[in-house]
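Next up is a structure, given as structure tokens.
Chain nomenclature is as follows: A, B and C, assigned in order of appearance, with residue numbering initiated at 1 for each chain independently.
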Amino acid sequence: MKSLWRKGFFILIIGLLFLTGCSDKYPVLNPVGPAGEREKNLIVLSAVLMGIVVAVVIALLAFIVYRYRDKPNNKAAYKPNWDDSKILEVVWWAIPIIIIGVLSFYTVRDTFALTKPPKNSGEPITIEVTSLDWKWMFFYPDQDVATVNYIDVPAGRPIQFVLTSDAPINSFWIPALGGQEYTMPGMAMRLWLQANEVGTYTGKGANFSGKHFEDMTFDVNVVKETDFNKWVDKVKDTSHALTKQEYQKLAKPGVIGEKSFSSYPKSIFMDTVNKNGGLYMNNDWMMKDMNKSDEMEGK
Amino acid sequence: MFDRIKSFASDFFVTGEPMIYASDVAIVLVLAAIIFTLTFLKKWKWLWREWITTVDHKKIGIMYLVSALLMMFRGGVDALLMRTQLALPDQNLLDPEHYNQIFTTHGTIMILFMAMPFLFAMFNIAVPLQLGARDVAFPFLNAVSFWLFFFGALLFNLSFVIGGSPDAGWTSYAPLTELGFDKGPGENFYLLGVQISGIGSMATGINFLVTILKMRAPGMKMMRLPLFCWSVVASCVVIIFAFPALTVALALLMIDRIAGAHFFTMLHGGNPMMFLNLFWVWGHPEVYIVVLPAYGIYSEIVSTFSKKKIFGYKTMVISLMIISVVSYFVWAHHYFTMGASAGVNSFFAVASMLIGIPTGVKIFNWLFTMFRGRISMKLPMLWTLAFIPCFAMGGATGIMLAMAPADYQYHNSYFLIAHFHQVLIGGVAFGLLAGMYYWWPKMFGFRLNEALGKWGFWFFNIGFYVCFMPQYLLGFMGMTRRVSTYSADTGWTDFNFISSIGAYLMGIGFLFIVVQVLYSIKYGERDLTGDPWNGRTLEWAIPSPAPHYNFAHIPEVKEVDAWWGMKERGESLVQLNRKKKFTPIHMPKNSGIPFIMAVFFFISGFGFVFGWYWIAALGLLGVAICMIARSNNRNTDYHIPAEEVEETEAAYGRV
Amino acid sequence: MALSNNEAKQRSSKHDTSRLLEYQRHDGPLNILGFWIFLATDLILFACLFATYLVIRTHVDGGPTDKDLFEIPGFTIETLLLLTSSFTGSLAVYEMRNFNKKRLIGWLIVTVLLGIGFVGFEISEFVQYVGDGATMQRSAFLSAFFTLVGTHGAHVSLGIIWMISIIRQVVKFGIEPINARKVFIVGLYWHFLDIVWIFIFSVVYMTGVVS
């Protein structure tokens, strides 16, 4: 009985998942970019494969518990010394090995794929991200503008986020675009994302970083290329420039709203990385990678 | 002068919170009541002689069990507070500061001060009895372990009313926990409380490994070891290889905090990533430390309550060992998102998924142990049956989480929360409760009321699914862990509300278990046979509760299910009593040193928490003196005279 | 003293001579196995400290580097003292097997003195560094250096106190199974520290000087 009930519940949950998967309440299951899409496919594949295994286990359990219950008139076989079957054991070593094999293949493939920009897409745009206590600082090195707690990005172009932290470790996550990556003090790490649909999505700090960590959400405005350029111009016209002093002030713990800056000191991002120990990470693969891509962009 | 005292006291004691004041009052009242009762009933001597100084594994096991249940209560209250806060959006029952403290203490307590002692309770109660031994290899050290755990937990819990609780999560990631971001003594309480009890855990690991390797009854080859003992071997091996990493992680962070060093700081060359590595090099194996013995408990129970041999004994042993080895190669799956190369992430992802293979095999072996058996639905078996689907689902989501690219979306979300609660509650807590029900008659000599237990079981189980299934969906909705509140427009309200209802159902389930225990103390059916479940292993061959010396005569073991085999052949230990002469039994003497030494550890830890080094030094000096005193004591054991053994056996009606 | 040797031999004749003295009581094998496992945990503890040291060895924050700091004569003397003490510790166990109480005590005392010498040189080394401004608060490298080498030093200091306590017991109770077990175990501990030191010598000091 109990197991039947449980089985029902499980089906209900899986059903709910797929029914509601289409609504934008579930950004993870309804992504708007290739990275998120790739991750969602992996999630669905694994959920289906694992769902089958779990269903088999629960069905077997229900059957066995019912059939071999301890009732005086139970006619089912009772073999108290039956404890070995080579065939059965081979079967259930083989099944998980095959499933894990399949999942491993896709895992490794996608792990490598996600470190590269999406194929057949436009010119990448770079955004340098710094997590502060308890706000997000964004620099656009190509456009030479900076924002706090929101970003505008052009639709359909790969975005190279370069992440660091000038505060405790945090994690940069825009569920609708794709998975997250930590922001680490002293390290500059890269995350490739892309948004194909115009709209506003929520980004957040996913790793606990102290008192007001839940206030570290930011809007991601995905706009058309032309609107993006307009937005850059508008920021350039209507905002003031960020100075080192103002950055120092921003870096102090506290919660603030959205801000825009018409320009910023060029070296500020790498200065932050180096100040927090980036100096010692020179041989790190990420930095090498980043320098390489900088060179690429330089060309 | 008065002002100075006042300002000191307001720093020292946590103030300004009605909840804390209420707890202060409650603590004082409970302490007063305990002291009054003990004095009134003239029980102080009894407490000292029978419990505080005991080196008897059975009594130490009971003390572990009681402490674990108390800690389960505290951790559970923390959980309910959190679920109440999150039931509706934009609540401020708890402000962020308190919410942060509560999720930190909830996690730390449930893993380190609930699961670990509960587990050690099971080790202590069952392992020597299953081996046919009279105690563990190092009874004195066993007492030291318990008291170190006890005072470590006390130090940690003290932070609630003195100095302030830690608030950086049970993982305590640097640099958030460095002085620059976290000045208060709360984090020090965490570091020292966990460190002190961790030393005890390490000693327990060594103790039980040596016990099982060296103290088995004649004829009990390793491949005749009950599966619970095998799971303890696996768990102890993991303890031995994993705990030193925790010791180092905590010690280095403490040196950073109290001596101003720069291991994990942001400036002066520190490397916070190193803390994450050291922490999880322990932290992931820790999960297997707590879950492997639960596997062992399930194996015993499934076989006993199906009246059938365990299916694939060898496979069970091999899979335990595979898990314990592979568990060292998966730690980085706790931070696939830390920017390691794709190669590194792939390695740890595949290694993590590999664990699913032996675990899956175990589940099928349990199922086929029941196949062609006769399944009786007693409480231990109920919890075991509930474990299988729950753990299968938790394991399935575990595999999903192990896939690095998918993990980028699950990481730090409620999907992760739901997963690890499902494996830790469905895997570990169910197992520990099953074990408690299973060995309860052996510990106390009476059975627990089945009806009340079933109420508890159903409330807890239904509550579990109501609480945690919605959290998987919240993860897909992008709800991150450790948020103290959320706004209504996130759309998270419905599922959070359902989840909170589930948490309360689980709370009611726990209350039923408490009522069940209290009721059964008075009305529980006495266990006069010593074998209430028709058991298969040696602990059921002796009376309940077990006599001080466990076995008057140690039986010869001929097969895996030693006691079952004896019963089949019509043998019993009573026959042995009749056939063989009683001889004096060599036993370790009680000692007050473990308790006193742990008190000194506590004093020293308290000194370090507040940076009062003279107190810390005094404490360490006390510890050293205790060690030297123990080393020089030659009067550590004695013999129970043969006549006394005979009398005791006669009183049980076994001569 | 000859008398006490005889006494020891008499004691030993009461025991099963097919096994070594330290294994003769029921708890001998248990304690020795337990201690081996403890050494495994301690080894992992040091491994973690070494790993930390290697990761942040170059993180000097503009302060002194290992090359600036280490002086060959200092750590060479420390190494010689500790290696010699490990040898004398073995001689102590050897004399214990011969039931020569006087020599056993003698070699234990020599071992303790060499250990004290080692700790003394290490402390003076540390004091000198701190005097030069190379404190553990200066940089991550120095934090790791002082912690790794200091943890080893603390182990040696604890070993000295432990050994003195055992010398006292040998004087009082002579060579019998309990003391034999204790001497044997403290010997294991001492050799273990020697091995850890060889790693410190090569990974910390030699690498530092050569780099």
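As a working rule, a contact is a pair of C-beta atoms (placed from the backbone, for glycine too) under 8 Å apart; a residue touches a chain by one contact, two chains touch by 3 or more.
A quick map from chain label to UniProt name: A = Quinol oxidase subunit 2; B = Cytochrome c oxidase subunit 1; C = Quinol oxidase subunit 3.
Values in this document were obtained by computation on a predicted structure and should not be read as measured data.
With chains reduced to the mean position of their C-alpha atoms, the one farthest from chain A (Quinol oxidase subunit 2) is C.
Located most centrally within the structure is B, per distance between chain CA means and the overall CA mean.
Rounded to whole angstrom units, the spacing between the C-alpha centres of chain B and chain C (Quinol oxidase subunit 3) is 35. Each chain gets a centre from the mean of its Cα atoms; for chain A (Quinol oxidase subunit 2) and chain C (Quinol oxidase subunit 3), those two points are 50 Å apart.
In this assembly, the C-alpha centroid of chain A (Quinol oxidase subunit 2) lies 33 Å from the C-alpha centroid of chain B. In chain C (Quinol oxidase subunit 3), the positions touching at least two other chains are 56, 59. For chain A (Quinol oxidase subunit 2), residues touching at least two other chains, in rising order: 277, 280. Shared interface positions of chain B, defined as residues touching 2 or more other chains, are 267, 269-271. Taken together, the chain B residues at the contact with chain C (Quinol oxidase subunit 3) in this complex read 137-138, 202, 205-207, 209-210, 213-215, 240-241, 243-245, 247-249, 252, 255-256, 259-263, 265, 267-271, 274, 278, 281, 586, 624, 628, 631-632, 634.
Taken in their complex, chain A (Quinol oxidase subunit 2) has these residues touching chain B: 2-3, 6-7, 9-10, 13, 16-17, 20-21, 25-29, 36, 38-40, 42-43, 46-47, 50-51, 53-54, 57-58, 60-61, 64-65, 68-70, 74, 76-85, 88-89, 92-93, 95-97, 100, 103-104, 106-108, 110-115, 133, 163, 167-169, 171, 173, 175, 178-182, 184-187, 189-190, 202, 204-214, 275-277, 280, 285-286.
Contact residues of chain C (Quinol oxidase subunit 3) toward chain A (Quinol oxidase subunit 2) in the complex are 56, 58-59. Chain A (Quinol oxidase subunit 2) contributes residues 277, 280 to its touches with chain C (Quinol oxidase subunit 3) in the complex. Residues 96-97, 100, 168-169, 173, 175-176, 181-182, 266-267, 269-273, 276, 306-313, 315, 335, 337-339, 341-342, 345-346, 349-350, 353-354, 356-357, 360-361, 363-364, 367-377, 385-386, 388-389, 392-393, 396-397, 399-400, 402-409, 411-413, 461, 465, 469, 472-473, 475-478, 480-486, 491 of chain B are the ones that touch chain A (Quinol oxidase subunit 2) when the two sit in their complex.
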